[in-house]
Structure formats: C-alpha cells, structure tokens
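Okay, so subunit A shows up in both of these, paired with subunit B first and subunit C after.
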Partner chain A sequence: MAEEEDKKMIEIYVMGRRYKVPEGLTIMTALEYAGYKYVRSCGCRGGFCGACSTVFRKEGDYKLMMDLACQTAAEDGMFLVQLPFVPAVRAEFEIDELNIEENDNVMLEHYPEIARCVSCNTCTKSCPQDIKVMDYVQASLRGDIDRAAKLSFDCIQCGLCSIRCPADIKHYHLAQLARRIKGRYIDPKSSELEKMVQELKEGKYDEELEKLCDMSEEELKKVYDERKFQKEG
Partner chain B sequence: MSDGYPEYMRKSIEKVEATREKRASIDFERMKPEESQETLDNFHPDYRKEGKHELKVGPSKGELAPIELAELLESPSIIDPSEIDLSQVDYDVEILIVGGGGAGTVAALWAIKEGIDPKDILIATKLRHGDSNSMMAQGGIQAADKEVDSPVTHYLDAIGGGHYTNQPDLLKALTRDAPEIIKWHEKLGIMYDRDENGEFVELPGGGTSRYRLHSAGDYTGMELMRVLMDESRNKGVPVLEFAPAVELLTDEKGNVGGALLMNLETNEYYVVRAKSTIMATGGFGRLHVQSYPTSNHYGATADGLIMGYRVGIPLRDMDSVQYHPTGAAFPDQVIGLLVTEKVRSLGGQPVNADGELFVNPLEPRDVEAAAIIRECYGKEKGITTPTGMRGVWLDSPLIDFKEGEGTVAKRLPAMVRQYERFNIDMTKDPILVFPTLHYQNGGLVINADSSTPVDGLFAAGEVSGGVHGKNRLMGNSLLDFNVFGRRAGITAAKHARRSQKPSKLTLDHLSKYNKELKDAGIERKNPSPMLLPEYRGKRVLERHLDVQVTL
Partner chain C sequence: MEGYLYYPGCTLKTKASDYEESAMAVMEALGKPLVEMDDWYCCGAVQSLTTDDLMHQLAPIRTMCCAQEQGEKELVTLCDMCYNVLKQANERVRENPDDLETMNEFQDEDPDYLAEVEIYHLFQILQDMKDDIKKKIVNPLSSLRVTPYYGCMLLRPEKAAIDDTEDPSVMEELLELTGAEVIDNPKRTECCGSYHTVNRSDIVEKRVKEIVGRAVEDGADVIVLSCPLCQFNLEYHQRTTEFEVPVLYLTELLALAFGISVGMKKHKIDPIKKFKEKDILE
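And now, the complex of A and B:
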C-alpha cells in the first residue's frame, strides 16, 4: 500500500459528518479509514450477503441512490447512511405441503399484499443487483412461479426493494418462496442421482471405499497418478 | 469496450488477444509429481518456514501453526473468569450451535429431524444468520452421481489433492454421503443448474478427474444458504444474532456444557447451558496469514479454533493454508475478492504478460496458486498494477470464444456484475488475478460422527480439520458443511437425549490454560478470540481515546 500522503484525498459525508479519505476505496473501506468499526452493516464484503445496503446522495443531486457499500467506489461528495436491518415480515410454510398442482394461487395466498403493487417500478430501480423486481412481483401475481424464480435468482436479500416499496411488499421473501417451489416442484428431477442414491443404499461402493481407506500412501499414489481424466461432460 | 484499465495494461491485453485463438486448442500438460513439488517448495506461501510458529502450549504443543494464529492461541482470553456469574443461566437448551453459517444451519435442521424440538435449539452467531463463507462460495458442490463417476473416484481425487493427508474415515463420509445430500437439497427446493431432462449440468474442478461439480450459476453457496436459512425459519429455530460465543463452558469433569455469549452491541454476557454444543464458527481468513488479502467474510477470525483449543481439542493440519489461485488483483477496490474457479472450469486460462499460457488451468489449488506466484515473482512475467500489486491475466473472453457468445454472462453472472461495477467487462477483456487467502484446510480434530475428543462438544465445517488434509479441492467445502453439519446435528441430538443437564458450569479450563501460558513464560498482549478484525485508519487509532461514556 502506498503511503497515504501520496494519495489523492476525497471528501465524504458519513451521516452528515465530513471526512477526508484516500481515493480508490469502497464506501465500506472508506468508512473504516475514517474510524468506524463495523458491527452491523458489514458481512461478506464481497457482494453476496446483502448486509451493507447503503443509501446515498451525491453533492448537487437531489436523487437518493442505493447500492452495496462493499461493491461501490467511494466518490468525492457522497452523503452516506447505511441500513442496519430491514424489519420485513415473512410468511411461514411447509415445503412438503405446498400443493401447487391443485392451487395456482400459492404466491398470493402467502403474500396477499402483492395485489397492492401499483407498478411504480421503484423496487427495480432500488436493486443493487439490477434484478427486474417489479416484473417478478407481476409474474407472481399471474401465478407464473417459474418466471418469478428465474428473474429473482441473483437476489442477495438486502431488502432495499422492500424499504422503498409504497405498497409494503416484501419482495425478497416472496422471491425466496418462488425459487423453492421451482427447485422442489417445477424443475424435473435427476434420474442419475436417483440411481446413485439407490446403489449407495445397496452398499455398491462400500467395499471399494474401505479398500481405499486402508491403502498405504505408496499404493494410493500409484492409483492416483494412473487416473484417467474425463474429457467432456 | 470497457475503460477500467489504464493504457499500459491494455497493451498487455492486446498480447492476450493475439494468442487467444491459438491457445484455445492447447491442452497444457499437467505437472509431473516432481515439478509440482518443486513449484510448491519454491513458491507456495505454506512452504516458507519463517511464516510458522511452533506451539508452546495446549493439546497440539510442538506442532506448527501460522504465526498469526499462534499469537491468538498463545494469548489469554478476552474475558476474566472472576467477573462472570455462571449461576444465572440465561438460555437452557438441548443443543447450542455456535455459528450461523452453513454447518450450523444444517446441524439445526438435522437435529430437528432426529427428534429435537426446534425450541430447544439455539443458534448463536456473531453477525447475522447466514453471514459466512458458505454464502460466498461460488463454484459449486461436488457429488459423484453420474454413470462415469463414483464416490470411489471422488475419494481418490480428494486424497491425492490433499497430498494423502486426509483422515480416511472423514473422506469416506464426505464422498459417500454426497449424493444423498444433493437428494436432500432437491427436496428442500434448491435450484441447481439442470438440463431439459432434469439431469445436473456438471463441470470439472481443479484436481478432479470427472465432471462432478453441481452449481447454481456462480451463486451456488448463496442459493444453498438462502434455502437453508429459509427452512430454519420455517421450523422456528431460535437464532441470536450479533451474539458470538466468547468461551466454552465446562462442567466439573471438564466436559463441555454450553458457552458464554456476548451481545456485540451492549457488551452484556449471556450464559448458555446446553447438553450438546456444536462448534460451527468457520475459518480464519481474516487473520490475513502472511499478509495476504482474503476472500473470506468479515467474521472469519478463528474464534472456534481458539475456544476449542482451550477446552483441550487438538488441531490438525494447521500448517497448511489454502490460497485460492485466483483472487482479484485489480482494481484496488476488489483486491482479494474471489474469482471463482468456475472461470477455469468453463475454459478460462491463466496467461502471463506476454499472452502465454503457463500452467494447466485445472491443477489442484495449491499447485495452481504456486504456479501463478512463480510467474509473477520467479519468472517476472506478471503485470504490475498502478499501486504495485502483481498478477496474471485470467482470459475469461476465451470462454465465449470456445463455448459461444453469451456463455460468460449466463454462467458467471456474479463475476460479470462484480467487474461491471468497476467498468471492466470480463466478457470482452481478461481480468487480473493473484492468489488470495481462501480456506483453512485444517482445524479441530473430529471423528466421522462429528464428535470431538471432549464430551459434549461437536464440530463441523471449516472449523474442523482432517476432511481435506493439507489441501482442499474445489467444491468440497459446500459438501463438507452439509455432510458434517448433518452428522453433527444427528450426533448432538443423540448425545442430548441420553445426557443430563450439566450440574455446574465453570470456566476452570481457562484458569488451567492461563497457568500453562504462565509456566511456558508466554506473555502476549493480544487477548482472543479476536471476534472482529481491525481495519480502522492508522491515524484514527493513534488518536483513539479509551473512555467509557456513561449517561
């Protein structure tokens, strides 16, 4: 790391207070440089967990923007605040008992508030993952669970959509339900897996595995080095 | 074209582009055993003796550990036993699970299947439920379920990759349970990538001789973790967030009987009494061993190793650390973040500054990492970034070149998004990579049923050792936390059913450990567990007033 004197400094505002930080940091590392030690609002630091939802505005702009602190470069003149928690309600369900064949209304039943969607698209605009949030809410309303699951697949459950929604929809929980239904009921199942599980039940590989467990390092090396690599999947 | 690269880097990219077509058909020969050993000896950080410290106290006295970990192990606890009143039990449960990542959540679900009432379980976790390395795993999960494959081949790949140091009974459990785990995932509704007939789309990983890697885009860990958490919520498992365990509690016989938690926001402590305690705290990437950047989540600070070691659980294979071959090396904001191995599984190649392919893209992780370090620091054929970081190119556009346009965007959406945020289009331009501290290969010693040598304590996931020996293969960690999380949940449930509540809770093991430290003449000043890493600016810390403000 170069000495900080060599670095160009920028100014950011953390909950209104001004700090000077070096250029080239993320919002998260800029706050740390300024002296904040995270307990909340910091998780994986890699864009996968949704802990670091950040609301910000740029100097001279009236618009509120939203993004992840760990995946966004800190810029001169940013006014920042982070969201530590989203108090969203979630519908409970028993995955084994969702009967989607006889009930095409599963989504609406669990999340009736989706009927209040006014198609304002604020959820989509708020999403740091660029997911078409409103489109999957609409797909859920139509009972198109497959589409809702696919559209929402990249959701990191940060909750920014739900915080902004004028209809109080809890999009990310709704999407989770859609994906589980697709994984469980809509996608066709693997017959190869079924066969292997059956073979294992019958103890097909037990003897060979035992043999490997008992092999000396020399014997293992020999078998290992003689492995043939599968060329194509 | 993306404009995220400075001009001089773009010149090097042109060389990569110039050789792309020719490289596309090269099947670079895998290293012979002698060459890979030599590359490891000379370039892998693990093989630098000065990075290790011989432990002076505890159950693994005499063994080597990274200095950064040894310093924490050979330190006193952050708590003073004389300040704690253990007679007031705040949570009285059958099973306490320390850690709310993959292993802990799986353990809870299987303990319930084994007959434990969800209300009698407590998951205590340092950050939020799900904040873990499990959430970040991108590439996939191994399970041998194809005609051409079997758990036997899976076993062989893993033990060779692990340099024959894996604990055989654990590896057998890992590979044999794998298909059943995927079956369980199907029932939970995990959205794996499948073809039109429902068969899984599987890829090879570094060191695997078969196409065995199941994935869900490059969000595999996230998809698993989302569903596991969702199911845990459906079942009503109580979770205490921002409440890490700071020490285990023992009974008069030295058996584990719960843990002491700390509320990270109020600093209040809570006493948990439990018949069974499962350690599932994950790994130690945030210790930044040998000053490497890390791909790990914020809470990966080795807490479970420290707590487990103090009650007497030996550690194994702590001398080996996994550096993932491809961490991001540019731009500065993403240094150390993971670039999934799946980029290479799909056909991407590591290429030097002159556009030359210098290693088979799918060597086991330690060999691949050592080869990249060799290219940068042995052969001086890396690319140096404006801030002095060295790296090699990972030719991601080659994937589209081989597999057709749109493949990268479709199969690696998380990676594409990460780079897009910083004006780099990895579907058109290669990305710069260098090894990053990724995984704790070793850990607490366990048996195949996830029990530890101390009664009442169980362990699963990255905190435990033996499954992967001294080098883990891609796709075996998601599998690990499922297989051993499940076994831990079942074993802990059985143990709870046949056990009485611990009569008296103590911290006697800490006094014993402190005495051992004193006798060994060790006086360290960094009490542990660490809980959270320190990233605040130097200037701020120098001016930091240690004052308690009371209202």
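And now, the complex of A and C:
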C-alpha cells in the first residue's frame, strides 16, 4: 500500500459513479482497478483487436470523445463507459457473384445509405486508428473500390465510426466489402502462391516440416532468428 | 495551373463516365486540361433549401476548401447538379458570414474556408474559347440537326445561372461551331422531372414525351445537354414512347467534331447508329 500512497490519485466517473484510481493507468486498467471485471469489451489489450471501444467526456469539454480503452490513458475528471458491442447489420453477398465489371457501383447497391453522407467527417474524428473514414465512404460512393480498400486497410472494426454517423452508415462493414472485392477482383493474382500450394500438395516440404517438429525449443528459436524472407515480386 | 482544377462529382465517375471522358479529351485538345482535385466529396446532389440545416452545406463547403488548399481560385464542374449545389452553397456563405463561421468551427480539423473560390460550369469556360474550338474542328457535323436542352440547374435560381434564365444561348453558340444545324427548342428550359424518376416515373414520362416529342417534331436528330440526370431521364424514359432520339453530352459532340474517338459507351439509345446514318461516323 505504501507504494500506492506515493502515487498521485485521480478521480474518474464510471457510468456516473466516482472512483479514485492511480494516475498513469489506461482506461481499461483503471476500470479494473475500480473493481470492474470484463466479460466483454476487452480483447488483445494491445490495440489490435478493436474490442474495447470506449466513449467518454472530459470535465470542461463539451465534446464526446472515443477511443480504445487499452490504448488511452485515464485522466482526472473523465466520464467513462465501455461499449460491449456496436450494432451494425452487414449486407449479404456472394463474393464470386459480384459482377463488378457490369455494375456501375456495387458498393452503393449493397450499402445504399452511403448516398446519405453529408461529409460531416464525424466518422473520421471518432476513429482510433486515424483512418480517413469519410474519405473511404466517399470513394465507395463514386465506385472507387481500390481507394476505399486502401484507405480502410488499418480498420480494426471497433465500430466507433458507425455509432456517431448522422447518416446511419455502417462504415466498417462497407470497408470490409471494399477490401474483399479488392482481394478477389482487383489485386493481381500471386503466381508464387499457386506454385507453393502445388509444391505443398506434392509433399516437397514434408521432410523439412518433420525436422522442425523434432527440434527443441532452443533449436527452433535459432532457426527462426536465422530465417530468410521470400524475395519480393 | 495549366488548365483548370476540376471537380468531377460521383455520377461522372460511374453512370456519366462518357461525359467525363469526352470533356477531358476536349479540354486536353484545347490545351487547357481538366485536372482532378486531390480530395473532393459528394456535393449532396440536391441543394438543401432548409435555412437552419447547415449540416447539408458541409459537403460543398468542404470541397471548395480543398480547392482553396490546393492553391486554386477557380473550380470547374461538369455535372449541372454539382455545379448548382456548389455555386449556391458558395453564394450562401458569402451572403451569410455567420453560417460560414459556424461551419468552419464545426470543421475544426480542416483549415477555414475563406469563400474566395469561384465555381464555374464547363460551358462558361468553353464560351470564352470559341476561337480555339473553331480551329480544332476537323470533322464538321454539317449533316446533323441538333437541339440543345438546358433543363433547370444551369439556369435556376438566377444567382446560379450561367446564362440568361429565360433566353439562354451558350449551348446554341457552342453547337454552331461544330457545323451542325442548330434547331431552336421551345422546351429547352423546362424540367425533365428530375428525381421523380425514382418513385413517380409517370411524371417524368409525361415531361420526356413533351420535350423529346417537340424535338422530333422539329426534326432534330439528337438532343444535346450536360446534366447526367436529365440525360438519363430523356433517354431512358423514351422507352414508353415511339421515339428513339439519342441524348448526348455537348462534349461528346465536340469530341466527335474534333475527330477524337471517346465516350458514347453508356447510352440507352445508341448514338453511333445515328452518326453512321448521317455519314458522320463510318
């Protein structure tokens, strides 16, 4: 306890209740310090999985803010709550049956509400990944699927964009459709991949794999550290 | 900038790509290429008339701010709807600086828009280049009878008009340069029915029957315009009539007269057949 007494304590409000927690914790660990146990809204704790969406306000600031609880420091006077889930219905599609050559705008067909975008940019402001969300919605609206996929590449599907949108757009599902189409129809096919699959089928690497399976942990680490990467192109 | 900074709008990238292709080719040939903006946003397509609804003014203001940040004072549009929305939004914030301030404060992640960008429709640019256009005509369309159609968005309201609201002449003047016979069209400033095409196609069908009917009566081979929505309505809804008149973007005709093979891919009524009949295309 002596150690904790030395630390500066801050006050936070979780769903309206006041707690004193040490300074320097993330929102996620501050809530745990206050006694909450996560059954949802918590995943990798490393900023990659998008499970710990949080919305909050700060004392003296009128704006509603949002971020990932595992990546954001708790501050004195924060009003906090964790979001267990963001409801957003995903459009159904058969990836092999999307006729992107003939269809002027396959994105608009699956998510017609994107035409309601008024360019307010609230989605971009709410994105913890600093993605240009509004820009990929706009790219989708004009049928530029390649740009939509590239702009949204870092999306972790936390859904914060979609709870703030005045046009009720389901941004992160839209972005996923763009990336799936890009992977299936736009990106060049990798001849290396087909070759590799063929070689795997023919058992070319069976012997190597068995060798790896028989190695000790130390030997494995050494092999891993000395591995060579496949040449690009 | 050599040429003009250009705002496409969404439809020019999808259903009206014929218009974009032909306009780009024509302006390239005239030595004043259209250069697409680095960033731009859907204008919203319909000018919001609600006075206390600034949310719907954000998109055009944001786009004009992008032009400002690219260091340009002139922004050219092709689509009549986009032209009208951008132009009206610009005039509105000039007349109401408080509105501009409110929006600039809301868009606090971007620089303030200073309302110094001017919005032009391509026809205003072409109007000042008549001598250059004349020099580029290699394939005069002398066997063709054309009639212009202005619709609403180039002429109304008055503060957004590119020409006389009651008696416009810019299209006639440009069309005469191609060598085609220009036929006067008393229905040229009437509405095509616009967005009623979505759920009241009966209204549009009635308008189209009158507009195209008059053009046929007066012996026009093709109707010429620049609005992608009018283009869709006038061609698509001819299916309920006995008519078969191709409806072309003015830049498609200019490109044809310049001898450039471009556009004319997405028409509901094939214009190429008509041009072959008239010995304009082989």
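Here is the rule we use: the second predicted complex is superposed on the first by the 194 of 233 C-alpha atoms of A that agree within 3 Å, B and C clash if a C-alpha of one lies under 4 Å from a C-alpha of the other, contacts with A are read in each partner's own complex, and residues count from 1 in each chain.
Heads up, the rule we're going with is that contacts are C-beta pairs under 8 Å (C-beta built on N, C-alpha and C of every residue); 3 or more make two chains touch, one makes a residue touch a chain.
These numbers come from a predicted model, not from an experiment.
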Exercise for the section: With the two complexes superposed on chain A, say which partner A:Asp146 touches: subunit B (first), subunit C (second), both, or neither. Expected result: neither
Problem - Residues of subunit A touched, compared between subunit B and subunit C (which is higher) - result: B
Practice task
Determine, under the contact definition given at the top, whether A:Pro166 touches first (subunit B), second (subunit C), both, or neither.
Solution key: second
Exercise for the section: Return first, second, both or neither, reflecting whether A:Phe93 touches subunit B, subunit C, both chains, or no partner chain. Expected result: first
Problem - Touched partner set for A:Cys120, first subunit B, second subunit C, both or neither - result: second
Practice task
Could you say whether A:Arg40 touches subunit B, subunit C, both of them, or neither, answering first, second, both or neither?
Solution key: first
Practice task
Applying the touch criterion given at the start, work out whether A:Arg179 contacts subunit B, subunit C, both or neither, answering first, second, both or neither.
Solution key: first
Exercise for the section: May I ask you to decide whether A:Leu220 touches subunit B, subunit C, both, or neither, giving the answer as first, second, both or neither? Expected result: first
Practice task
With the two complexes superposed on chain A, say which partner A:Ser190 touches: subunit B (first), subunit C (second), both, or neither.
Solution key: first
Fill in the blank from the handout: Residue set of subunit B touching subunit A in the complex reads 33, 127-128, 130-133, 135-136, 143-153, 155-157, 159-160, 164, 168-169, 171-172, 175-176, 179-180, 182-183, 186-192, 194, 196-204, 209-211, 216-217, 219, 221-223, 226-227, 230-231, 233-234, 236, 242, 264-265, 295, 297-298, 331-333, 337-338, 387-388, 413-414, 417-418, 421-422, 532, 534-537, 539-541, 544
Exercise for the section: Sort out for me which residues of subunit C touch subunit A in the complex. Expected result: 8, 10, 13-15, 39-42, 44, 55-56, 58-59, 62-63, 106-107, 109-110
Handout entry: Interface residues, subunit A side, partner subunit C - complex
Key = 104-105, 115, 117-121, 124-125, 134-135, 138, 141-144, 166
Exercise for the section: Report the residues of subunit A in contact with subunit B in the complex, numbered from low to high. Expected result: 1-2, 4, 24-26, 29, 32-40, 42-49, 51, 71-73, 90, 92-96, 129-130, 149, 153-154, 156-157, 176, 179-185, 187-197, 200, 205-206, 208-210, 212-214, 217, 220-221, 223-225, 227-230, 232-233
